[in-house]
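Letters A, B, C and D name the chains as they come in the text, with residue numbers starting at 1 for each one.
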Amino acid sequence: MVAQKLRVGIAGLGRMGKRHAINFHELTARANVVAASTPDYNERQWAAENLQGVQIFQDYDEMLEKADLEAVVIASVTAVHAEQALKAIKRGLHVLCEKPLSIDAEVAQSVVSAYEQSLKTYPQQKVMCAFSRRFDASYREAHERVNKGEFGSPVLFRSQTADLYDSSGFFVEYAKTSGGIFVDCSIHDIDLMLWFLGENRNIKSLQAVGVCAVHPGLEATNDRDNAIATVEFEGGKMAALYCSRMMAAGQEDTSEIICEKGSVRVNMQVRKNHVEIHDSQGARRELPQHYYERFREAFITEAYEFTACCLDNTPPPISLRSSVKAVSIGQALQRSLITGEKIYFDGRTIKN
Amino acid sequence: MVAQKLRVGIAGLGRMGKRHAINFHELTARANVVAASTPDYNERQWAAENLQGVQIFQDYDEMLEKADLEAVVIASVTAVHAEQALKAIKRGLHVLCEKPLSIDAEVAQSVVSAYEQSLKTYPQQKVMCAFSRRFDASYREAHERVNKGEFGSPVLFRSQTADLYDSSGFFVEYAKTSGGIFVDCSIHDIDLMLWFLGENRNIKSLQAVGVCAVHPGLEATNDRDNAIATVEFEGGKMAALYCSRMMAAGQEDTSEIICEKGSVRVNMQVRKNHVEIHDSQGARRELPQHYYERFREAFITEAYEFTACCLDNTPPPISLRSSVKAVSIGQALQRSLITGEKIYFDGRTIKN
Amino acid sequence: MVAQKLRVGIAGLGRMGKRHAINFHELTARANVVAASTPDYNERQWAAENLQGVQIFQDYDEMLEKADLEAVVIASVTAVHAEQALKAIKRGLHVLCEKPLSIDAEVAQSVVSAYEQSLKTYPQQKVMCAFSRRFDASYREAHERVNKGEFGSPVLFRSQTADLYDSSGFFVEYAKTSGGIFVDCSIHDIDLMLWFLGENRNIKSLQAVGVCAVHPGLEATNDRDNAIATVEFEGGKMAALYCSRMMAAGQEDTSEIICEKGSVRVNMQVRKNHVEIHDSQGARRELPQHYYERFREAFITEAYEFTACCLDNTPPPISLRSSVKAVSIGQALQRSLITGEKIYFDGRTIKN
Amino acid sequence: MVAQKLRVGIAGLGRMGKRHAINFHELTARANVVAASTPDYNERQWAAENLQGVQIFQDYDEMLEKADLEAVVIASVTAVHAEQALKAIKRGLHVLCEKPLSIDAEVAQSVVSAYEQSLKTYPQQKVMCAFSRRFDASYREAHERVNKGEFGSPVLFRSQTADLYDSSGFFVEYAKTSGGIFVDCSIHDIDLMLWFLGENRNIKSLQAVGVCAVHPGLEATNDRDNAIATVEFEGGKMAALYCSRMMAAGQEDTSEIICEKGSVRVNMQVRKNHVEIHDSQGARRELPQHYYERFREAFITEAYEFTACCLDNTPPPISLRSSVKAVSIGQALQRSLITGEKIYFDGRTIKN
C-alpha cells in the first residue's frame, strides 16, 4: 500500500514562500507540493525552474479552483493573509498561514471565527499560524522542562527579537505595512510569552517605550527601531520584551524564562555554528545574520508537523486563538509605544 | 622621606565594615586604619583581635572627638549613614559612605548640600558614596570603550542585580529598613545607568511592575522579590532594569550597553572562576554566591582610589550629586512598583 | 522536462544504514532509493515498513544483479565494505562507502586500485569514503578560512573523538572487529588532519600511548579505551590526537587548528543546542550523546553532495586515496599504541 | 601584643622581583620587606622610589650579611637561583625561589639535599619553589575536587602554556639561558601534572616533537617555538602537553583533568575579564596578554601563604622534591624534543 501524501499549494513565492515551497516539496516526505500561486512574474519563473511537477498559477483563487489541494501554505504579503486564509477555510482546506494573520486583531479574530464555524462542516480541518520558534529544538526543550515543573513556576519571561542593522532603508519601507515593531518583530516573543506563561492567562497591564536611534525615517509611520516593554499578567507573572532593528553583529533572538527554582535560557550565547576564532581580535565567534539562518531547522520541522497533523488528524501544534491573542497584545504594545501611556486591562482585559 | 599615610576611621564593623577595615588596613599601602567605632560588643571583640594597633570606640562621636583622623569610612546601618556623614563633613574629614546615603532622597540631598557648603572651608575635602561597581575592572573597561565612542552612541542600558535565594527570612526582615528593592538592590544598576547614559541627562518617564514570587512576607512592607522597570531619558535613550531575590544558582549581576554600532556586555556569562566541569550533569560552571565574591577586587580598588584622591587632592571618582540622583530614581521606581502608575517628569523632571 | 533522479541502492540497514536510507530517500530531492539489501530479517522488516516503493533484497549480489541501480551506499559491517565496494566498482556503479574502507590498509588500497582501473572504462564513476565530518558546516568554515590563509600557515592540528561512556560492554565486543581505537574512533580525526595539514604531506614519525581505564576487557583484543598520539609531518607541521570511550557528559568531538597568526576551534564548547540552565547545580548545558546527534546535518549534506557529484559528473568531495592513507596512519598508530614504540618513516614514509 | 611580621629580603628586582617586592611589602599584612638586592643600577633606583623604608643592596651576599632577615625571595636571573638559595639555606633563612631552581636537575637536586641537611639544624626552615599556579583559585578548586574523588580516578592530564607572539626577538635571546621551552615554559604544566596525577608516581616513558614555526632563530640554541609531548606514568595514567611562543590572541594557559567519571577544565574559555563585545566582528572577548595578567592573584596568595607557613611553622604548600622532579622531566622532554627519541624509564625511571 502506498502511503498518502498531503497535496499542498503554496500561496506567494517571495523569500518565505520559496523556503516553504522547498521545505514541503523536497524535505517533507509525507507532503507533495502540487501547486503554487503568485502574482509576481519572476517568482513564477523561479517556480518553473525549481518546483518540478508543480502547477503554477498567477492567481490564488484560480489555484484554489483548479488545483487538487488538501492544504495551502499562505506566504503572501501580510495584507492578504486573512483574506486568503478565509477563502481556503471556506473550502475546507487545511491552512498554514505565515504570521501575523493580520496586523489588525479584529481581522485576525474573524479568521478564528470562520475556522471555528467551518469545523462544524469539516471537523478534521486544521488551521494554524506559522510561529516557527515553537518548532525550534531549543525552545521546545525549554518549554518541556519548564512545563513539567523542573524549575518551579515561571515568574518572569524575558525575550527579544533583534535584527541585524540594515542600511538599505528596508526597515523604513517595510514599516509602512508591517503594523509596527511590536506587531512585526516582537510577535514571536509575544507568542512565546503566551506559550511559556499560559495562553489563557489574562493580562493586567502593559507598557512600552522606544526610540528611533538609527532609522529616523520610522517616525513618519509612528514606528521605532528600538523598544522595550513590560507586561503584567494575572497570577503574579510578568514579561520584559526588547525589539531592535540595529544589531551590529547579527540576529540576536534570545529568551530567558526565570522560574522560582531556576531559569532556562535560549540562545543567550548567540552563535552561528561551532566555530570559534582566536586571533589578534581576541576570541570570537560569528552570529547568524538573519532569522532564517537561526531557525531554518524549525521551519522544516514546522512543515513536517503541520503535514502530520493534517494526515493523522491530530491537534495542530499551535492554537489559532493564541495566535490572535498575540496580535492583540502586539497592537496594544504598539499603541503604548506611540502614546507613551501604560494600558490597564481591568474589566477590559486582553483575555483568551 | 617617609610618605604620608591616610589616617582612616571605620564606622560600623558589620559584614561590610569588617571588609572595609581589612581592605584599608592590610591591602591599601597608603592608608592606616587608626580607629574604628561600633555599638556592637562582638564587633569590637573582632576588632581587638583583627585590627592590630587600632583604637576601638563604642561611640561614633567619641571616635570623631578623640581619634586623630583624616577620613572616615561609614559602613554602619543605613539609617545613620546621613547623620554620621554630616558630622564628619562638619569636621572637614574625608568621607567614604556606603550606599545608599539614605533611603530618602531629601535626606541624601541634605548631605550633598552640607558637603558643598563645607568645601568653602575645606576645599580639599572629599565625600563619596561607595558604589563599588564603578571600580570593577570589567565595568571600567566597558565604560571606557563606550565613552570614547567605540560603538557609537548608547541607546539602551539593560542591567540587573539578582541575589541568590535565601530561605532564612533575611530578605523579609531586611525589607523593613531597606527602602525597597529598587532603593536597595537596583541602586547599583541605577548608578551604572547614570554613569553610562549621562549623569546630567534628564528622565522623561519611568515605570515598574513586580511580584512577590517566593517571599510573600514582603507584601507587608510594600516590597517585592522580583521587579522589572523601564526608564526613558531625554535625548533618545532608555533603560530596562531587573532586580530579584530569587536566583537559584548564585549572584547574577549583569549589564548590557547597547549602542548604535555594537554592544558591550558585562558578566552575561556569569561565572565564579575559570573552572568548568563535564560530568553526567552536562557541562557546568558555578556562580558567585554573593556580591562580595563577585566584586571583592572592586572594593579593594575603591579603598585604594579613595585613599589616593584624599592624599593627592584629585577629584573623587564618583560625583556625590549623581549618587543622590540615584536615590531619587530608586524611590520613584519603588513608588511606581507599588502604585502601578507610570511616572512622567515633564516640568518636574528628575534632573541633575 | 523531468530532472533525472539518482537511483540508489543501500547495502546494510543497521543503525547507519537506516539513517542513510532515510536521508537519501526522504531528504535528498535528487535521489531515489530504489533497492536495499540486508541479510538481517528484522532490518528487512523495517525496510518494508519504512522505505516505501523500495525493492528489498536479502543478498547484496542479488540486489546488484536485479535492481536498476546507478549508485550504492555501503553501510554494512566493516568486514565486507571492501568486497562489496569492489563488486559495485566492477559494475561501473557509483559508490559511497561507510568508513573505514577496511581495517587493513592493503585491502583498502586494493579498492583504490580497482577504482582507478575502472575509471578507464567508466570515466564518470565516483567512489568515495563517507567521512561525514568533512560535510559539517563548522568544519567546512574552518577549513575554508584556514585554506585561504586567513591565519597564516597551520602548525598544529589537535583533535579528539571522545565517546560517551557505555556500561553495556558494547565497546569490548565491538573491539573484536573494529581494528582498534585509532582505526575506528580516531579515523575521523586522522582524515581531518590530512584535510587541514595537506593530503599529500609525508609523515616523519608517529607515536601513541594509551590505557584501559574503564573497560579492562579491551586488553584481550589489544585495544585501549583512552589513547593519545603525536604525529610529525614533513614541512614543520604536527598533530596531537586523543580518543576515548569514557566521557561522562556526552560526545566530545573537538578540533583545533593552530596557525601562525591565529587558531580556529571547532566545537571546543561542546553543546547539544541553544539551551542553558541556571539552577542549584550552577550554569549548565547538555552535550550531544552520540556522534549522530552532533553530525546529523553533515550526513544529510553528504547524501546531497554525493548525489550531486554523480549526477553532475563533478569531482567527489573526498579523495579516495586520502581515505586509504587515513587507514594506514590509523593502523600505524594502533601498532605504536600496543608496542609502545615510536615509528619513524624515513625512506618507508607513509606517503600519499 | 603586636604580632610578629616576617622580615623578608628580595633578591633581584627585575620584572618578577618588582612584583614580589610589592606583593610582600604592600599586600601581605604579615610580612615586611626589610631589604632588597640587585646588581642593576636602575632597579636600585626603582627600589629607592617604590620600596619605602627598605635597605637596598648591590650585592646579595652583603644583604644576607647585613640585613636582619628571616626569609629571602629569590627572583634574580635563573643562573644564580641555586647558588643564592644555597647561601640562604646555610644561614637558616626561609627561601621562596622563583622557578626553576635550576635548568639542570642535578644542580636543583643539590638544593634539595642542602635543605634536607639544613633541617637538622633549623627544623622550622621552609624552602619552596614558586610555582604560582598552585595558588590560583581555579586550579585549587580543580585539585580539591579531583583529589576528593568527585570524578573518579584521573586518567589523562592535558595542559598547555602558550605565550603571546612576540616579534621583538625576545624569545630567541631568552632561549640562550632558559633551558629550552620544556624547562622554561612547560615547567608549570609539569608541576601541575605531578600535583594532579601524583608527585610520587613513576614515569614509564615520555616523548616530544616540535617545530620552529615563527622564530627560526631558536634552532641555533636547540629550542623550538611549538612542541607537543606525551608522558606515560605507571598505574595507567598519562599526560599530553603543549607549549607555544606563537599565540595571536594572548596568553592561553589551559588544563584539563580527564577522570573516569568526569573532567575538570581550567581556563578552557580563556578570557581577560567579564567583558564581551558584540559588533561587526561578531561576539568577542579579549584574552590576558601575559601570564601575570592571568595569575596576579595567585602570586599574591603565594606571598601570603609562604609568609604564613614561615610564621606558623606549617608545611610549605609545595614540596621541594616535587619541584626538582619537574625539572628532571622538563630536561628529559627537551632531550626527546631535540633527539626525536622516545625515552623509556624502565629501571632508570624518573622517580620521586
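A few notes on this one:
The working rule: contacts are C-beta pairs under 8 Å (C-beta built on N, C-alpha and C of every residue); 3 or more make two chains touch, one makes a residue touch a chain.
Heads up on the chains, UniProt names are A, B, C, D = NAD(P)-binding protein.
These figures come from a predicted structure and were not determined experimentally.
A count of C-beta contacts for the chain pairs B-C and A-B puts A-B on top.
Ranking all chains by how far their C-alpha centres lie from the centre of chain A, first place goes to D. The distance from the centre of chain B to the centre of chain D, each centre being the mean of the chain's C-alpha atoms, comes to 39 Å. Each chain gets one centre point, the mean of its Cα atoms, and the points for chain A and chain B are 42 Å apart. Centre-to-centre, using mean CA coordinates, chain B is 57 Å away from chain C. Looking at chain D, one finds that residues 151, 247-249, 261-263, 268-269, 278-280 touch two or more other chains. Chain B makes touch with chain D in their complex at residues 2-3, 25-27, 29, 52-53, 136-138, 141-142, 145, 151, 261-269, 273-280. If you check the complex, the residues on chain A that touch chain D are 247-250, 252, 269-271, 278-287. Contact residues on chain B toward chain A in their complex (touch as defined above): 151, 153, 155-156, 158, 205, 207-214, 226, 228-230, 232, 236-238, 240, 242, 244, 246-249, 258, 260-263, 268-269, 340-342, 344.
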